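Chain naming follows the written order as A, B, C, D and E, and within any one chain the residues start at number 1.
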Amino acid sequence: MGENETILEVRDVSVRYGAIRAISNVSFSVKRGEILTLIGSNGAGKTTTLRAISGMVRCTGNVRFMDQEIAGTRPDVLVTRGLCHCPEGRGIFANMSVEENLNLGAFIRSDKHEIEKDKQRVFELFPRIKERLKQNAGTLSGGEQQMLAIGRALLARPKLLLLDEPSLGLAPQLVQTIFKIIREINAQGVSILLVEQNAHMALQVAHHAVVLEVGKVAMTGLASDLAKSDEVRKAYLGHG
Amino acid sequence: MSDYLLDVRGIGISFGGLKACDGLTVQIPTGGLHGLIGPNGAGKTTAFNLITGVYRTQMGSVTLDGVKVDHLRPHEIAKAGLSRTFQNIRLFSELSVLDNVKLACHCRGRHTLLGTLLRTPRFVAQERAMTARAIEMLDVFSLQHLAGEQAKNLPYGDQRRLEICRALATEPKVLLLDEPAAGMNPSEKKALAQSIKLIREQFKLAVLLIEHDMGLVMDICEKITVLDHGCTIAHGTPSEIQNNPKVQEAYLGEPATA
Amino acid sequence: MVGRLATVVRRLSLGLGLAASVVAGGVVAIGAANAASEAAQPAKAESKAPIVIGHYGSLTGAEATFGQSTSEGIRLAIKELNASGGIDGRMVELKEYDTKGDPKEANLAVTRLVKSDKVVAVLGEVASGLSLAAAPVCQKAGVPMISPSSTNVRVTKVGDMIFRVCFIDPFQGLACAKFASENLKATKAAMLYDQKAPYSVDLAKEFKKAFEKMGGKVVAEQTYSGGDGDFTAQLTNIAASKPEVLFVPGYYTDVGNIALQVRKLGITCPMLGGDGWDSEQLGKTAGKAIEGSFYSNHYAPDQPDEQVKQFISKYQSAYGGKTPDGLAALGYDAANILFDAMKRAKSTDGKPLRDAIAATKDFKAVTGTITIDQNRDAKKSAVIVEMKGDPLGPKFKARVEP
Amino acid sequence: MSGELQQLVPTMMPSAARALLKGVALPVASALVLGLVMQFVVGPAIGAYPASVALQVGISVMLAVSLNIVNGYTGQFSIGHAGFFAVGAYVGAGISYYAALSGIDPASGQQPSQALSNGAWLVWNDGQNFLFSYGEWRMILASIVGGCVAAGLGYIVGLPSLRLRGDYLAIVTLGFGEITRVLLTQTKPQIFDRDELAATHAKDWVIPPMGGATGFSDIPAYASLMWVWFFVAVMIFFAYRVKQSSTGRALLSIREDEIAARSMGVNITKYKVRAFVLAAGLAGLAGSLYAHTGQVIRPQEAGFQRSFEVIIFVVLGGMGSISGVVLAAIILSILPEALRDLSEYRLIVYALLLILMMIVRPKGLFGVREIWEFWPFTRAKKSEKKVITP
Amino acid sequence: MAELLQIMVAVVAVGSLYALIALGYTMVYGILKFINFAHSDVFVLGAWVSLVLSVMIISALKLAPGSSPPLWIAPLVLIAAMVVCGLVGFAIERLAYKPLRKAPRLNVLITAIGVSLLLQNVGQLTGFAVAKDDDGKTIATVPFGPSPKRMPSLLPETAAPDPNLAKPLVLIQPVDVFIFVSAIVLMVGLQYLVFRTKFGAAMRAVSFNTETAALMGIRVDRVISVTFVTGAMLAAAAGFMYALKYPGLNQTAHETWVLLGLKAFVAAVVGGIGNVRGAVLGGFLIAFIEFMGMYCFSKYLDPVLHTNMGTNLRDVYVFAMLIFVLLVRPAGILGSQLKEKV
């Protein structure tokens, strides 16, 4: 398999909620080993796009993951194929302990030994999680919850990780940490599709970027190019 | 007695130790247009919920036109003259557009069960007055041609406008708009900005606006308050805000020096 | 204005018209089938068309076993009659509807029997409450109704078309009280009855009245709801009052469980009950716990009575060896009294048939010799049976004359 | 600015006479027409048995329409509706029965026992007591009292429990219905004798003699097709008027979105209680009429099985759609009759149909809409649904 | 004192039954958020299946008359009844509830009522003979028929106390002990399943948030099915124990069954619906209130009021407590209330 092989290809995907079309004809592709970020303002359809890919909402169009058509496949099946979605708002099971949350991440796996090893790796990435293993996940702070969510997703050994707003509601230093970790994870060979509001950070870590505006792709390109683009700044800050 | 129409002083609430809103102060004079901005999860909507009584404030006070309204129940606050829209549109989706607006006229009427059942002259007249007023309101927003349609069948932009229209039909003194431009395209946004200004003139009310679209906020607001993690991080005119390093950091994640 | 009024009127008329037409349509749909049979009937009547009689009973619901037993008794009687040539060569046909144990349903079922199926006579119900709900329909339509086993006094008071073939509560209560005080020499009785069953409530009341008149004392009065599983609380209270006899005028469906718990809680006095006990299931359910207890009944299977023996053997061969319970016997008797009256009346019209039923005298029925009195109630003796022997079953103990 | 609406009101007042005509006379007249048509045209045409089915259908329709106000319009899930029905039935029946028994029936001048039995069967047949026999007036009065008592109970039950949401409210109302049922079984034995009645003291009525678990029988059967369907029409009018009023909109808004409704100035507690009280009152009225159809009423009327029956009408008819629930009530109360020939398989078929209908038509017959909104003339407007990208 | 102790014995036994049934309600509610009104009918089914199975086994063994059946029958019948009801539960879930997964919950509720009616009335039909006695008389049928039947006693019974001897302070039957012990075993087992196993974690995950659970690779439909089946099996166990304790079984459409189920449901709500421990607590609490209510009312109030209704009001005590608990703690004793997001 070549270095630049496409791991995920989204072509002409549209999603409708009742009479409202949330995204229309969105197309982009994620290459193996890269971080692609999907940015855009609130309501632009970023989350919907992720949900369409992971089979949580019905969509029209084609989604190919590792050369297989996956549009309409149930999310739990996709997890077994290596596509993990870390949802917006973290999706922590607040009624369970941190450890149980982690174990659920490895739900599809039965290789106890390997899981244990992977857990150690997660603890290396997030030492704070290890300290709170027995604690109820609901009592963690926002940043810790986000770490737990990412760590949990890693335990499924994903080939492609969908991250939805990992910086949401986090203090700036924490945001830095999270992005550092995202980069580390990527360095370990996991492709990442990152949805972010924090455009600046996202464009710093990503290789490629897609800008969504009201449900449509407004721009695509190298993250570094887009970072310099005034369009993006304008979209976010309203600078003239 | 305060000089402001809406005087919010130091309100706050925390959910299980997390301070969702901490000591927010917003003061709007009659006819003022005030923006409330901040990144996702900064506590803007929580602030709205506190002001409109959906949550009880744990500290601070809210005064509307000289009347203390915190600790009133939401419908009483609405009656006192505070009306709002919602971030994730909360129309009465199975009801017709007209009925949505007529419902908003509700709090200015008197409704007895006996009158309803017997269709007393008073009741009939009031219904008619409500209908007339609702149609008038729809007219202002050019929605009258959709009056008979179920609200859920409206296109997104129209739903947003209907929500504002509905909020105005309660005859408020202060209007709270929660991300009215979300999901609108640029031309719709432009029109929205126009109509917000127009509304303020025509209905002589003060507006408190939550918005993500900075262009819109900077364009129409006289004063802006910026929230992050429940705290007020900046307060001032649009240009002051735009150049405030703290705001840039909160928004773009850029260090202040960038 | 005119336009709106027009809309209002249109909606109104549409709504109301729709309601009316749907009701009409729907009801006509049921009616259609009946109408067809109604139309067909007069044509056939001249020849040897079958005589249709009706039965309504609880074939489903909590009291399903009552309705089904009665139904089996009635069917057996009809089968025999038809096998012996019917009534003047006319066969008898049965129309049967379920009441779910609900008065509303009973009323509708009988209305249908009387009005649509045009039955010449109606048999049913077991439960007095349901008989009371349906009897007025028969009375008004002039169709005789014979209740096989409603013991409440008021049932036959509805009108002169309503009869019964069982004895009434006051008599049975008296019979039990008499037995308790004379045969068992008891002076202290406890009662545990089903407050949900009118039969049980009335019987308890009558027993208490009669027993206290005879100088006894009711030392504990407890109730339960038919179907309850646990009687610990009631029985604990009863045990504390140290009775010499425990009167349990309930249905056998509950008595089995009650007997088991009575003995488990160490109450050793004999139990006494009414005809509601009568079922082969009682012995099977309660086993040893019920041994040595008594109940009043319409007949005892070990009576040296030809009628009884024949009935039991016929019933067993018809229904896979099942021993008939009292309700089956009463259903059988009710049907036979009706047939006897039909033969004597030489008519199936309401009036003559009614008169013939009212004139029933010394009819040899399974449940005793029945004479219909001026209150249209059956005058017959009761027997007291004892649960004993192997296999455990009711054995004749005493006879109480009215 | 505020209060502008109120200033508008006087100028829009229609003339009192016209209002009276439209507000009261027109509906009463049409209800009477429906009643008379049912009594004299439909009743005789379909025959006695279908007519008595139609009587019960009428009761079901009333129950469905009343519950629809709480469950359908307001979206509050009550499963104790039969409790109010039973309370109304017992109160109405008690008044009617004991009034007749005590002999205040000047119309007939008969012995009470005779009056009872005659009253039960002669109302429409004997010609002398045509429309306005004392018994019928008394029934209407008793029914209104029954309705009021039920409404009062609705208030007492509703005020605290409507704070609860969704399933919890459902469970509390269920509990209420069951408590009502058990308490009704504890009433004292019915009094059948006039002298015995005369000998009672006030303290004997603390626990009223309503027959206990045995049931309350011998209630005069004044509720003819005419009266039942008259009240069906009146209730449908009420339900329709409520739906098409500010009160109705307030109720519907609560169902749609409580938070938005509050923010629009709707006092949701007040309106929930209002809906509950109205529904309870109408159910009580229906209960009293039911008692007067010549049935023995039993405490089981208050049980959850009966409540479930009504809920099924409402859900199957489409929550909030008056015509839908009316139609569902009609179909579902005729269905068991139509299936009567199946005897013990009847309820099995009924259950299967129920499951099937829910799977095939999950939104009920008409959803929330009324049947005329499916009418060809109005249909066109609905079809131009558009999909618009934001 | 002795009386009170005797009543406490009943409370413990009946409370165990309520708790077992309540667990099924709570588990289904926790995951599907709807009240499974057909649950009590599965319980009834459990009781009847136990009866039929016991009769079949005993008649197949051809025991000498008078000899008590071997002890191994009880656990065998228990397990078999659980399996049968588990299968029925599975079928119900697949055929009646799964097609409605996305429908409003009210519809599911109506469907549940439909299923309940169906089970009741099918059970009431007299079906095929599955066991005959020596005379060739049918003694068990499937479905079960309308006449009440007796559950054979599978456990040794203590003889009725000898009236000549001093009365023991309190009578405890082996069946009460058996019920309590097996209920505890089952509850501990369930506790283990839910809180200690991977599958239990999946169940809790699904009940917390179905969508996120699916993102963990959990097959939500399978978890729901298994939860359903587990609930049905616990109900079957309760049914078996009920049949042992109260051997005279009424037919399946008897309203007391439904009422019993309803009270178990009340137990689940009082404990905090969706909460496994709450259901157990609620079960015992309900039984306590019911029996103490009956005892105290008839002992202390009835004589004063000159009434006789203490025992008749047993349902009133239960439902009154339900209303009280809900008004004071709207989410039940151990439940937690979630705030709606605006």
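Annotations for the structure displayed:
Criterion: a contact is a pair of C-beta atoms (placed from the backbone, for glycine too) under 8 Å apart; a residue touches a chain by one contact, two chains touch by 3 or more.
None of the values given here were measured: they were computed from a predicted structure.
Using the contact threshold fixed earlier, the set of chains in contact with both chain B and chain E is A, D.
Comparing the chain pairs C-E and A-B, the larger number of C-beta pairs in contact belongs to C-E. Averaged C-alpha coordinates put the centre of chain A at 45 Å from the centre of chain E. Work out the mean CA point of chain C and of chain D, and you get 33 Å between them.
Separation between the centroids of chain B and chain C, computed from CA atoms only, is 71 Å.
With centres set at the average Cα position, the gap from chain A to chain D is 55 Å. The set of chain C residues that touch two or more partner chains comprises 59-60, 64, 195, 225. Chain D has residues 185, 259, 344, 347, 385-386, 388, 390 in contact with two or more other chains. Within chain A, residues 19-20, 43, 214 each touch two or more of the remaining chains.
Looking at the complex, you find that chain C touches chain E at residues 59-62, 64-65, 68-69, 195, 221-230, 232-234, 236-237, 240, 252-254, 256-257, 260, 263-266, 268, 279, 281, 284-287, 320-322. Residue ranges of chain D in contact with chain C, taken from their complex: 30, 34, 37-38, 42, 45-54, 56-58, 61, 117, 120-121, 185, 189, 192, 212-215, 217-218, 221, 229, 232-233, 236, 240, 294-298, 300, 322-323, 326-327, 330-331, 334, 337-338, 340, 343-344, 346-347, 370-372, 375. Contact residues on chain C toward chain D in their complex (touch as defined above): 10-12, 14-16, 18-20, 22-24, 26-31, 34-35, 38, 59-60, 64, 96-98, 100, 102-104, 107-109, 111-112, 114-116, 129-130, 132-133, 136, 140, 154, 158-159, 195-198, 201-202, 225.
The touching residues of chain B, counted against chain D in their complex, run 52-54, 73-76, 78-79, 81, 83-84, 86, 90-95, 99, 102-111, 113, 116-130, 132-133, 148, 153, 155-157, 166-167, 170-171, 183-185, 188, 203-204. Interface residues of chain E facing chain C in the complex, by the touch rule stated above, are 3, 6-7, 9-10, 14, 121, 124, 135-138, 146-150, 158, 160-161, 163, 167, 171, 173, 242, 245-248, 250-251, 253-257, 259-260, 291, 294-295, 298-299, 308-312, 314.
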